[in-house]
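You will see subunit A twice below: alongside subunit B first, and alongside subunit C after that.
Entry: the complex of A and B
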C-alpha cells in the first residue's frame, strides 16, 4: 500500500514540474513572437530619438539580441537560482514589483473566495430545500439575471451608483493617498470590487450545489430516512449534503485560481493595484520578465489546484484513483 | 415537470436581431457622424438615447453596432464549437496515451489565464478588426466544451450502432459526422448557446479594456469603452443603454440555453 502512495506522489510531482516547464516555454515563445518592442517599456518615448546603433546596444544590454532558445536557456538558468530578471518598466527586480502587489490580489481574491465558498453552499442548500417554491424561484431568477451581467459592466454600474451619484464609496485604488494604514479607508475601497468578484462567480457554484443536491434528494435512502421520521431539513443537512461535499471541495479547489484570475478585469476597472493590472500592463507593453513571472505564478497555482482537486477526489473515492477522469471545472471565458 | 418554452426571451431576441440587421430601413441618422455641436446630449426627441462624448447618436449606434456584437458572438462560437468537437472527439476516440496528451494540452491552455491568452493572440494578429477578434475569442473558448465532447464520445463509441458502422468499414470522419456528432447535439446544444453569450460578453470586455475593437468600429463593447469619460460628464445614458442591450441579449440567450439543457429532475423529490 505504502509504495503505491509514493509512486502516486512522485507521479504528481513529475506531472506538476513538467506542466510548469511546458507552460514557461509556451509563454516565453509566444510573448517574444508577438509584435511590439520591449525597448519602449524600458526607455519610453526616448527610443524614437535613439540611433540604430544605440538601439542595438540597448537590446544587447537587456539580453534581447540572441535567438529565442538561447534567451530561454539563459532565463531558465537564472530562474532556478531565483533570479527572474528586472522589470523593464519599473526598473527593479520583478520579484519586488510583484511582492508589492500580490498581497492586494490575495486579499481581494481570498476574501472573495471565502465569501463565495460559504454563500454558494448556503444558497444551494436553501434553494434545494425550498425546491420550486416561491423563494427558490426568486433566488434562481435573480441568480440567472446577475450571472448575465459582464463583470466590467457591473463594476461600471456600481461606480455610477455608489461613487458618482451617491458619493458613498471611492471609485478606484486600494487606499487614499496618506491613509495607507487606515483600515476603514481600505475597507471602503474594497467593498465595490469585492461585490463584483463575489457576484460574478457566486451563482455558477450555487447552482452546481443546488443541482447536485436535487439529484441527491431523489435517491432511495432519502425515502428511508424520511420513513424513519427524520425531518426533511435534517435529511438534507445530515445525509444529502454529506454526499455532495466531496465533489464540492474538489470543485472549489479548481475554483480558487479561477476566482483569483477573475479579479483581473475587476482590478483593471477599479485601478486596484494588484497582479491583474500588472499582468495586463506587462502583456501590453512587452515587459517580458514581469510577464513571465506573473503568468508562471498564476499558471502554477492553476496546475497545483488541479492536482489538488484530483487528490481530494482520489482520497474520498478510491475508485477514481489515478484514472483518466478528472473532474472538469468549466472555466467561462474571462 | 415540463419546462416552459421561453416565449418572451425568443421574442425580445428576435426583435434585437431583426432590428440590428434591418437597421438600414429605419435609421434616420448616420451612426458614424460626429455631431460636435451636440456631444453628451441627454436623451430627447431628436436623439432618442442621447449622444456620446463624440457627438454620435446612440440610438443609431445601438442597432448599427449590435450587428458587429452579434456577428462576433456567432463567428466565435462557430469556431470554438468546431475546435471543441474536433479535439474532444479525437481525444475520446484515440487510444489512451493520445487521449492523455490531448487532454493535458487542453488543461495547459486552460491554465493560462484567458485574458493573457487573448492579449497574446490579439498582439499576434496585429490591428484588431471584427474578424480577428472573433477568431481570438473562438480560439480561447473551446476548451471547456472539448472536455464535455470527449466524455460523451467515450460513452458513444461503445454503443452498438457505432460498432456496427465501424464494422461496415466507416472511417473516423464518416463516423464522426454521421453517427457521433448527431449523438452529441443534445448534450452540447446548451453549451453552444452559452458560448454565444460568453463570446458577446468577451467582445464587450475586451473592447472596453482597449484590447478589442477601436472606438471607430462601432459595437456594444466599443461604445462602452467611452464610459470612463462619461463618469466625468455624468452622461449615464452612454453607460447604461449599450449595457442594457448587451445584458438583455445575454439574458434571453441564457433562458433559451437553459430550456435546451438536458432536464435532470424528471423524477419526483423524495424529500
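Entry: the complex of A and C
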C-alpha cells in the first residue's frame, strides 16, 4: 500500500521534471528563432553606430555566437547551478529583476484568484437556486456581457472613467512616488487592475458552477433528499454542492495559472510593475534570459497546478478511491 | 376501514415547449389505512407521476390542472411548499426505482440516514441520532451497522443500497410509504429479499403502502388491492383476488 503511494509520487515528480525540460527547450528555441536583435536590448540605439566586427564581438560576449543547441546546453548547465544569466535590458541577474516584481504579481493574481474563487461559488449557487427566475436571468445577462469584453479594453474604459474623468483612482503603477510603504496608496492602485482581473474571469467560473449544479439538481438523489423533508435550498447546499466541489477544486487549480496569465495583460495596460510587464518587455526586446526565466516560472506553475488538480480529484471523490480498492480486492482474490 | 388518503378527479399536465402533455386524466381513488395498494400499468402510463403529484415532487413544468388530494380529511393539494416539507419528512416517505442513483454518491450512508432522522426527531442528540441510524441499518437487514454507516453508496451492491434507501424512508416513521418500483432494477433473488423485507416492515410498523410495479406476480403477492392504470387513466381498482380472477376471464385487462 505504502509502496504504491511512493511509486505514484515518483511518477508525478518525473512527469513534472520532464514537462519543465521540454518547455525550456521549446521556449529557448522559439525565442531565438523569432526575428529581432537582442543587441538592441543591451546596447540600445548605440547598436546602429557599431561596425559589423564590434557587433560580432558584442554577440560573442553575450554568448550568442554559437549554435542554438550549444547555447542551450550552456544555459542548462548554468540553470542547474542556479545561474540563469543576466538580463540584457536591466544588466543585472535575472533572478533579482524578477524577485523585485514577483511579489506584486502574486499579490494581484492571488487576491484576484481568491475573490474569483469565492464569488463564483456564491453567484453560481445563487443562480442555480433561482433557476430561470428574473434574478438568474439578469445575472446571466450581465455575466455574459462582462466576460465578452476584452480585458485590455475594459482596463482602458475603467481608466478613462475612474482615473481621467472622475479622478478617484490612479491610472497606473503600484504606488505613487515616495509612498511605497503607504497601504492606502497601494490599495488605491490595486483596485482598478483587480476589478479587471476579477470581472474578466468571474463569469466563466460562476457559469460553470451554475450549470454543474443544475445538472445535479436533476439527479435522483435530489428527490430522495427532498423526500426527507429538506428544503430546496438545503438540498442544493448540502447535497448538490458536495458533488460539484471536487470538480470545482480541480477546475480552480487549473484556473490559477490561467488567472495569473490574465493579470499579465492587465499589468501591461496599467503599467503595474509585475512579471507580466516583464514578460511582455522581454519578449519584445529579445531579452532572452529574462524571457526564459519568466516563461519557466509560469510554465512550472501551470504544470504544478495541473498535477495538483489530479491529486485533489483523486483525494476528494470517494468513487475514485473505491475503484482503486476494489481492483486491489480482485487481484487479492485471484 | 377509514380512508387515509383520498384523490379526487386529479389531472396533471406537463407544459413543454412542444405543447401540453396530459400525464394524468381525472384519476380518483382512496387509500385505506393499513393496506397495501399496488398500482400496475405499463411504462409511461402515469404511475410514478401519480405518486410524485401526491407528494408534490413534480418538476416545475408539471402542473395539477384539476382535482384535490385529501390526507386525513385535510386538503393537501392546496398546501404550500413549506407545509409539504413538513409532511414529506414525517407522514409520507418514498422508495425509488434505482437505488444506485437515489443515494448521494458523495455522502456516506450514515449521514444520509441521519439527515432523515434529524428531520423527524430534531430533539435527538448527536449520540441518540447515531444510535437511531444504527438501529435503522440493522432493521433493514444490514450487518455491522457501525462500519456500514461510514461507507459510501459506491461500496454497496444494488440490493444493499436499496436497503439503505428503505432505511431512509423508515427514518421518517411514515404513515404512507410510496414504493416506486422498488424491485425493478434488482436481480431476481434480491427482488424477493427486498419484497420480504418490505412486508416484514409493514407488519412491524403498520404503515400503509402504495406499491408501484408493472409485474403482476409481484402485485398479486404483496397487495391487498390492485389498481390498473393505462394512458394516464385509472382503469380499474379492485381487491386482489377479484382483480386477478376477472383478468383471467378478460385477458386484455393486463
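Operating definition for what follows: the second predicted complex is superposed on the first by the 316 of 334 C-alpha atoms of A that agree within 3 Å, B and C clash if a C-alpha of one lies under 4 Å from a C-alpha of the other, contacts with A are read in each partner's own complex, and residues count from 1 in each chain.
The rule we apply is simple: contacts are C-beta pairs under 8 Å (C-beta built on N, C-alpha and C of every residue); 3 or more make two chains touch, one makes a residue touch a chain.
Model, not experiment: these values are computed from the prediction.
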item: Which superposed partner A:242 touches (first subunit B, second subunit C, both, neither); value: second
item: Touch count on subunit A, higher of subunit B and subunit C; value: B
item: Partner chain(s) touched by A:264 [first = subunit B, second = subunit C, both, neither]; value: first
item: Which superposed partner A:164 touches (first subunit B, second subunit C, both, neither); value: first
item: First, second, both or neither for A:228, with subunit B first and subunit C second; value: second
item: Partner chain in contact with A:220 - subunit B first, subunit C second, else both or neither; value: both
item: Partner chain in contact with A:11 - subunit B first, subunit C second, else both or neither; value: neither
item: Subunit B and subunit C footprints on subunit A, overlapping residues; value: 219-220, 223, 226, 232
item: Complex contact set, residues of subunit B against subunit A; value: 1, 96, 99-100, 103-104, 107-108, 110-116, 118-120, 123-124, 126, 137, 140-141, 143-144, 147-148, 151, 197-199, 201-202, 204-206, 208-209, 211, 224, 227, 231, 234, 236, 239-240, 243, 246-247, 250-251, 254-255, 258, 264-265, 267-271
item: Contact set on subunit A toward subunit C in their complex; value: 219-221, 223-232, 238-239, 242-243, 246, 317-319, 322
item: Parts of subunit A lying in touch with subunit B, wherever the complex brings them together; value: 19, 22-23, 26-27, 30-31, 33-36, 129, 131-132, 144-145, 147-153, 156-157, 159-160, 163-164, 171, 211, 214-215, 217-220, 222-223, 226, 232, 235-236, 257, 261, 264-265, 268, 279-280, 283-284, 291, 295, 298-299, 302-303, 306, 324-326, 328, 330-334
item: Subunit C residues touching subunit A - in the complex, by the definition given at the top; value: 55, 57, 81, 85-90, 92-94, 96, 98, 101-108, 115-116, 119-120, 152, 154-155, 165, 168-169, 171-172
